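Look for subunit A in each of the two complexes below; its partner is subunit B in the first and subunit C in the second.
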Partner chain A sequence: MIPPLDAVLLVLVVASAAAALEGRDPLAALILFGVFSFQCAAFYALEGAPDVSFTEAALGATMATVFFVAAIHGTTPMLGPRHPPKGGRFSLAVLLAAGAALGLAARGLPVTGDPEAPAAAHVSPRYIERGAEETGARNLVTGVVVDYRGYDTLGEAFVLLTAGLACLLIIPAAWLGRREDAS
Partner chain B sequence: MSAFHYAACGALFLLGLHGLLFRPNLLRKLMALNVLQASVVLFYILLAAKRGASPPVLSGPGPVEAAAFINPLPHALMLTAIVVSAATTGVGLALLIRIHRLFGTLQEPEIREKTGLS
Partner chain C sequence: MRLRFGSAILDTGARVLIPFILIFGLYVLFHGHDSPGGGFQAGVILATAWILLRLVRGNDPGWGPEARGALVMAISGVAIYAGTGFGALAFGGAFLDYAAFPLPLPPAGTRAAATFVVESGVGLAVAGVMLIIYEALIAPES
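Up next is the complex of A and B:
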């Protein structure tokens, strides 16, 4: 039996994330992280979310990876000697507890793809049925982003502005090559 | 199938959580944070999916059945989440560059030693 495409992609997504986070070589981890993001984008497209897929491919996969590479480039020996993960048995216990909590919570989740799922009830049918007429957007996601939830998007723009300002304020002293004291 | 979907989300979440809490390298921690966020985005996209429905882009004029199109609301929310996650990654990397300037390393144990916080 040939497994469905989305199952294969999900396995690849989890595998590349594990390789990026647990692998030995930090530079390989960067590239694997980009691979992981692109695989996520492919999965979103497969699940019928083209807008999210585009955004993930442009921002998550490309821009974030370029940011990571630029940061490493600016400070080459950044990676330093390898330390083993700390925690040992404690970390295992934390992960088991978190996994158990997730498992318990997941028992109440709807079957994926169920058209009667709670997420598809309430306000969502209104967005789909009246969206084009009320917002003028053929793409319903656009209608929600810039019209129904325009204030959210305004907030998002403020977050971007703040993040840009924060980067501008944090980086220059580092770029100018002034060596700061550790004291 | 749906158990498999949710299990993949959970696995990504736990991978991210482990990296965030127990990896000594700050760069890896930032990557782990991204993986954690991706697991949440994945989860929302799975919640939005409807069997046999098309992506939420209308093809022509006329009345629209809600069941024929995938739920656009989680998609819109996740667009915002992805943008915000890229922004936080940028600020995090700026901080990392600064930390590296100060301490010459991104390994948490060494930074703790140098600050006397261990």
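Up next is the complex of A and C:
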């Protein structure tokens, strides 16, 4: 059974996501999106993943909101009357069917924290038993991310740098192009 | 949607908050070995402090790197990480084998020290990239 605090938080997450989608003012939708992110962070913390929660709060909730506000600040929002999309009924039926299938499949997932689960039986026991003495890191997440999985993290750092460079190369050129259009 | 910068309340608020944000970011970086956090989160928090200042003070923040400096930060962060990997190679270990460094420490201590260097690199790279993206996103004054 879902613990009551988790259930309340999950309802709030869904409610803020729905409110963010329904809002007509981009800035209000953004604030609700930030609320959604903070609730997700609280949920991760509750589920015993403080590192993920930390990242979500710092990056997903704070930084992403600032980036979106900066983007909105420099653009003109295009708000027209909202038309219901064509084929909405069909999409809804497909979504409901997919949701039902996923819900049924979720019943076959192992219980959270089950040590017999396939995901926990492969390399995890070694990491958990030997991690502290092998990597010298008492926070197992740091030991795994930087030491055991150092290659992956290096790759991530390069992906991040590439993303930043792409932003720096593409977006200012777009500003420049818009200014030339205006003049 | 252009508003004037520099209200006294915002200025004072930022002045109070930013030192604490910076110290918290450094704490997260230095303590990532023993508690939740690490280079990635520390980098985001440090970037937050500077972006807060940019939000409050506009184009005249008075402190922090320019876009070019942020680019140098990001690239040197990734270079520190990759350089640690190649350094291990130079000392006869495998790529990113932190235990290869000849430090007067037990193997786990050597790994922890190298991990901290790598975490600092990650933090520098993340902070730099955050600043780059923010700088790219704000529209130039026309």
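Points to keep in mind about this one:
Note that in this section the second predicted complex is superposed on the first by the 155 of 183 C-alpha atoms of A that agree within 3 Å, B and C clash if a C-alpha of one lies under 4 Å from a C-alpha of the other, contacts with A are read in each partner's own complex, and residues count from 1 in each chain.
The definition used in the following text is that a contact is a pair of C-beta atoms (placed from the backbone, for glycine too) under 8 Å apart; a residue touches a chain by one contact, two chains touch by 3 or more.
If you're wondering where the values come from, they're calculated on a predicted model, not measured in any experiment.
After superposition on subunit A, the partners subunit B and subunit C are seen to fit next to each other with no clash. When both complexes are overlaid on chain A, the residue A:109 reaches subunit B alone and has no touch with subunit C. In the superposed pair of complexes, A:150 makes contact with subunit C only, with no contact to subunit B. When the shared chain is aligned, subunit B and subunit C each come close enough to touch A:160. Of the two partner chains placed around the shared chain by superposition, subunit C is the only one that A:134 touches, whereas subunit B remains out of contact. Between subunit B and subunit C, more residues of subunit A are touched by B.
Once chain A of one complex is fitted onto chain A of the other, the partner contacts of A:66 are limited to subunit C, with no touch recorded for subunit B. Residue contacts after overlaying the shared chain place A:50 against subunit B and subunit C alike.
Taking the two complexes aligned on chain A, the least Cα distance separating subunit B from subunit C is 6 Å.
In the superposition on chain A, the residues of subunit A contacted by subunit B and by subunit C overlap at 50-51, 55, 59, 63, 67, 70-72, 74-75, 138-139, 141, 143, 145, 153, 160, 163-164, 167, 170-171, 179, 182. Subunit C contributes residues 1, 28, 32-41, 44-45, 47-48, 51, 55, 67, 71, 74-75, 77-78, 81-82, 85, 95-96, 98, 108-112, 115, 118-119, 121-122, 125-126, 128-130, 132-140, 142 to its touches with subunit A in the complex. Against subunit B, the residues of subunit A that register as touching in their complex are 4, 6-7, 10-11, 13-14, 17-18, 20-22, 26, 29, 33, 36-37, 40, 43-44, 47-52, 55-56, 59-60, 63-64, 67-68, 70-72, 74-75, 77-87, 91, 94-95, 98-99, 102-103, 106, 109-115, 117, 119-120, 123-125, 127-129, 131-132, 138-141, 143-145, 149, 152-153, 156, 159-160, 162-164, 166-167, 170-171, 173-174, 179-182. Against subunit A, the residues of subunit B that register as touching in their complex are 1-2, 4-6, 8, 10-19, 21-25, 27-28, 30-32, 34-35, 38, 41-42, 45-51, 53-58, 63-67, 69-80, 82-91, 93-98, 100-110, 114-115.
Residues of subunit A touching subunit C in their complex: 50-51, 53-55, 58-59, 62-63, 66-67, 70-75, 133-139, 141-143, 145-147, 150-151, 153-154, 157-158, 160-161, 163-165, 167-168, 170-172, 175, 179, 182.
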